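Heads up, the thing below is written out as structure tokens.
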Amino acid sequence: MATTSITVRETPLVCYLLRRADDALILGHRLSQWCGHAPTMEEEMALANMGLDLLGQARSLYTYAAEVEGQGRTEDDFAYLRGERSYGNLLLVEQPNGDFAQTMARQLFYSAFIDPYWRALMASPDATLSAIAAKAEKESAYHVRHCAEWLIRLGDGTAESHARAQAAVDGLWAFTGELFEVDEGEEGLIADGMVPDPGSLRAVWTATVTGVLAQATLIVPQNGWMQKGGREGRHSEHLGPLLTELQYLQRTFPGASW
Amino acid sequence: AAQLARFEARVADEERIEPNDFMPAAYRRTLTRQISQHAHSEIIGMQPEGNWITRAPSLRRKAALLAKVQDECGHGLYLYAAAETLGTSREELVEQLLSGKAKYSSIFNYPTLTWADMGAIGWLVDGAAIMNQIPLCRCSYGPYARAMIRVCKEESFHQRQGYEIMLTLARGTAEQKEMAQDALNRWWWPSLMMFGPPDAASSHSDSSMRWKIKRFSNDELRQKFVDATVPQAHFIGLTLPDPDLTFDEAAGHWRYGTIDWEEFKQVIAGNGPCNRDRMATRRKAHEDGAWVREAARAFAEKRAAAKTAEAA
Amino acid sequence: MATTSITVRETPLVCYLLRRADDALILGHRLSQWCGHAPTMEEEMALANMGLDLLGQARSLYTYAAEVEGQGRTEDDFAYLRGERSYGNLLLVEQPNGDFAQTMARQLFYSAFIDPYWRALMASPDATLSAIAAKAEKESAYHVRHCAEWLIRLGDGTAESHARAQAAVDGLWAFTGELFEVDEGEEGLIADGMVPDPGSLRAVWTATVTGVLAQATLIVPQNGWMQKGGREGRHSEHLGPLLTELQYLQRTFPGASW
Amino acid sequence: AAQLARFEARVADEERIEPNDFMPAAYRRTLTRQISQHAHSEIIGMQPEGNWITRAPSLRRKAALLAKVQDECGHGLYLYAAAETLGTSREELVEQLLSGKAKYSSIFNYPTLTWADMGAIGWLVDGAAIMNQIPLCRCSYGPYARAMIRVCKEESFHQRQGYEIMLTLARGTAEQKEMAQDALNRWWWPSLMMFGPPDAASSHSDSSMRWKIKRFSNDELRQKFVDATVPQAHFIGLTLPDPDLTFDEAAGHWRYGTIDWEEFKQVIAGNGPCNRDRMATRRKAHEDGAWVREAARAFAEKRAAAKTAEAA
């Protein structure tokens, strides 16, 4: 046996589902890393809640991907048996937790995009997609609110929290452009009316984010250069160690049930 | 004195004492200590299981484990709230934990070494906790009793989940079964210690019994736990790590061997395998979060001031 | 395939070799984690040097274990394909790097034991063991000197470095008792004159360590309680994540050559 | 003016300039910048490979990688020492790196994503570095030339080691071969960029050439590298990610396609995939080590004072 990895039978829809699932899994995993380390008990609960929402979304999307792929795979095969170069998540979601401000900024940037995205996806003619989106949208709406409140508190709190919040926003800004990127396969799905065009949500995203930053007395970064590569599996050096931990048991006991 | 007599009478009548009712200082002290220790245990208890969230072997297990640890935090929250009704603030109670003045359940000073420990903790540790806590649902102090009802319900879900993890492993590959047996071997005795010292050596019990804070002795609860758990182990084909374990047909009880109370004493004294790490992790989380809590406070004050200014 | 792990054919000598090898590998791995993060460039070189010495020792010991076991195994099988419960290293060596003072204290505690140990092992009638010991002894003598010098500098440096050094010594002290523990299998080897009795080195170890601490103006901890369990595979929660990282590729590509 | 003329004459005669010799300010400045940039590159260059030390797939590879990264640190040390002979202290040079004032080779702003990247870096990045550095072994400035001789010897060992990693992967399982090809695809173009902008667009070159700091143009060195590397790739069965690559029989050169200089510009400008992370890691190491360096200083002063007191 030369590998414990799977080779996915890629179609535009499978690729699409895996990418969105990867986003949710990786971000959910990051949030779960906070467990036991949050700044307050209430926030401990909130971070776990958001993490659980994201894990749940990932599971639905992987499960649907397995169905569409039709190779008898399960959600776990996709999560545990693909290497770093096969993961198609956004660079944004794999960025380390950093301090609490960084986690909140990362979450706001993602949620402010994905919330209207799920809303738009609810109109998909694909009933499964539409149902997944409807459930996810309720969750992401809360994430936006929660993170916005915190970012405002931190930005307009103490000098230290302001500085940390600004540093978080500045540091993560370059990863927000990728939210709106699509490749050929996804373009096809968009053209077919299966899924919304992320580009069409840019104005909403910008309005949400700049609104929150203004209330938080934070400056919107001006550097326009945007990083990309996550969708093609060109990740930062932060994803590999995350997957190493995530996948260890499945790699060590191939085929076992847990 | 009349107040005291009325209090004792109410307790004897199984009435619930509420926060604004009269209660003896010793009752308040005992309860505050017990409830806050219980709260601290929930919070520290997040660590051993938290250790496996990022390495859980399936998405379903990962989500269940995260939810479970989150529940523990929730229990901590109810319990601190219950303790606060007795007049000590959460900040103060947390400070007692961080300074090492307050204790937490010593079971959480053992490390989680394999995935099977997630099963063993749910099954044995939560199982033992439930045994201890079910009688507390009828505790004379209302807020504690009500918190316990909620906690017990969730714990019993966790206990079943833990047992199911063990069952899955025990029916899995040879290595998985070995993992399950190994976890049982390591967690069995510490679980028995969770009920506290043998009755002969136990303090506090007399007044706690009279005040209906405690309703069964340590040894009684421990025996109930053993009687409930041994058949569960056998059912999934695991062996208890106690060569002296035998079924006493006449009494209908499983008789267990000698517990190593020296180990218990050492763990309580701070010499368990993880005491240092648990406290260090908790303190670090608290310190790392200080700037966030401060920011929230500063922000709230600013907004309050702005509102006052507006109103003026 | 239900596992990528191996089952070792255990004999007293194989167990003995694996434990000593595990000590060296885990401590070497810890030192390698400093790479790129050391406080000075000179120390970057020194930490890597010590790490390389330890990795080299681990490789010799694993290779000899493979030979003695006679199952056609290689050094890598032992390092990469045994789980946490099969690793028999000391708890001391798996403790996290912490700050530089903790790394130096950990290294001194280990080296002050292993250096005279290797010296004693050079007298073994087993020629391979004796040769491994002779090479390792030259290396460990340098480790003792290097760490002693640093601990003295830190202890007798600034108020901050003194406090950190004392905290390091206090925190690691409880892991030093295990250096002198032996089980039945090793007792047999000692009785046969194959290997030295660690207990016989306690006085030398204590003299070295207390001498260094005195020069460092640091207090010798008085708490006599000692942790153990590493030799039986009852580790702290620090070993699992280390092995997860160490073993990931071998677990993911079973049987591949690198 | 006479001094300057003598300096130019010595350089033209291939004599080595030594630290105490007269040299023009611009020569000193150019060399300080170049040597320190080179030193910074060695130090930052530890990070991409350092990323895989704890995950190396065999003990032999782990040891070799750790030793390699250690060598890079050693190169950094020689080079800072060579730069110091020109009158700027190591502290000052390091400060320029940490403040972002000084540059380092932009190749190190790409991430290492798989184990094969350890092969690709050794083979391509060290290979390109050697091409750049071999002529520097004859650099007019003595300390730099001597440092380069030592560095080149070690780099060429690393280059062979990297190529051997690629060879092993290319002859391994299908997945390993794919990993090797993928690494080549990602590192090929950035390696070509290591030689700097095309000659038409390059600055500094004129005086550097005259002063025998530089002996070949960027494009000349790049061509040498391509000519040496393409057959090596073919030998192990890998494909260069350049559809325009063709062998020019007449000239005896491999002609490569158009380099994306916009990407190069962006990486230099701080927009590479890892610029932020590299600098953050470096700064953190420096800050985390501050108390250690301070302790060493304080200790040395104490001991010196004690010695003086003793002597008095």
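Lettered A, B, C and D in written order, each chain numbered from 1.
Note that contacts are C-beta pairs under 8 Å (C-beta built on N, C-alpha and C of every residue); 3 or more make two chains touch, one makes a residue touch a chain.
Worth saying up front: this structure is predicted, and the values here are computed from it rather than measured.
J.: Comparing centres built from CA atoms, which chain ends up most distant from subunit C?
T.: A
J.: Centre to centre, by mean C-alpha position, how many angstrom separate subunit A and subunit D?
T.: Computed value for the inter-centroid distance: 36 Å.
J.: In subunit D, what residues contact two or more other chains?
T.: Counting only residues that touch two or more other chains, subunit D contributes 55, 173, 175.
J.: Give the residues of subunit C touching no fewer than two other chains, as numbers and ranges.
T.: Residues 2-3, 5, 83, 241, 244-245, 248, 253, 256 of subunit C each touch two or more of the other chains.
J.: Thinking of each chain as a vertex joined to the chains it touches, would you call that graph a line, ring, star, complete, or other?
T.: Its topology fits none of the listed shapes; call it other.
J.: Which pairs of chains touch each other in this structure?
T.: Per the contact definition above, the touching pairs are A-B, A-C, A-D, B-C, C-D.
J.: If we count contacts the way the header does, which residues on subunit A are in touch with subunit C in the complex?
T.: Residue positions touching the partner: 1-5, 83, 241, 244-245, 247-248, 251-256.
J.: Which positions of subunit A touch subunit B when the two form their complex?
T.: For subunit A paired with subunit B, touching residues are 25, 29, 32-33, 35-45, 48-49, 51-52, 55-56, 58-59, 62, 75-76, 79-80, 99-100, 152-154, 156-158, 160-161, 164, 242, 245-246, 248-250, 253, 256-258.
J.: Quick one: in the complex, what on subunit D touches subunit C?
T.: Those residues of subunit D that touch subunit C are 43, 46-47, 50, 53-63, 66-67, 69-70, 73-74, 76-77, 80, 115, 165, 168-169, 172-173, 175-176, 281, 284-285, 288-299, 302.
J.: Looking at the complex, which residues from subunit D come into contact with subunit A?
T.: 48, 51, 55, 111-114, 173-175, 182, 186, 266, 269, 271, 273-274, 276-277
J.: Under the definition above, what is the set of subunit C residues touching subunit B in their complex?
T.: So the residues of subunit C touching subunit B come out as 2-3, 5, 83-85, 171, 174, 225, 227, 229, 234-237, 240-241, 244.
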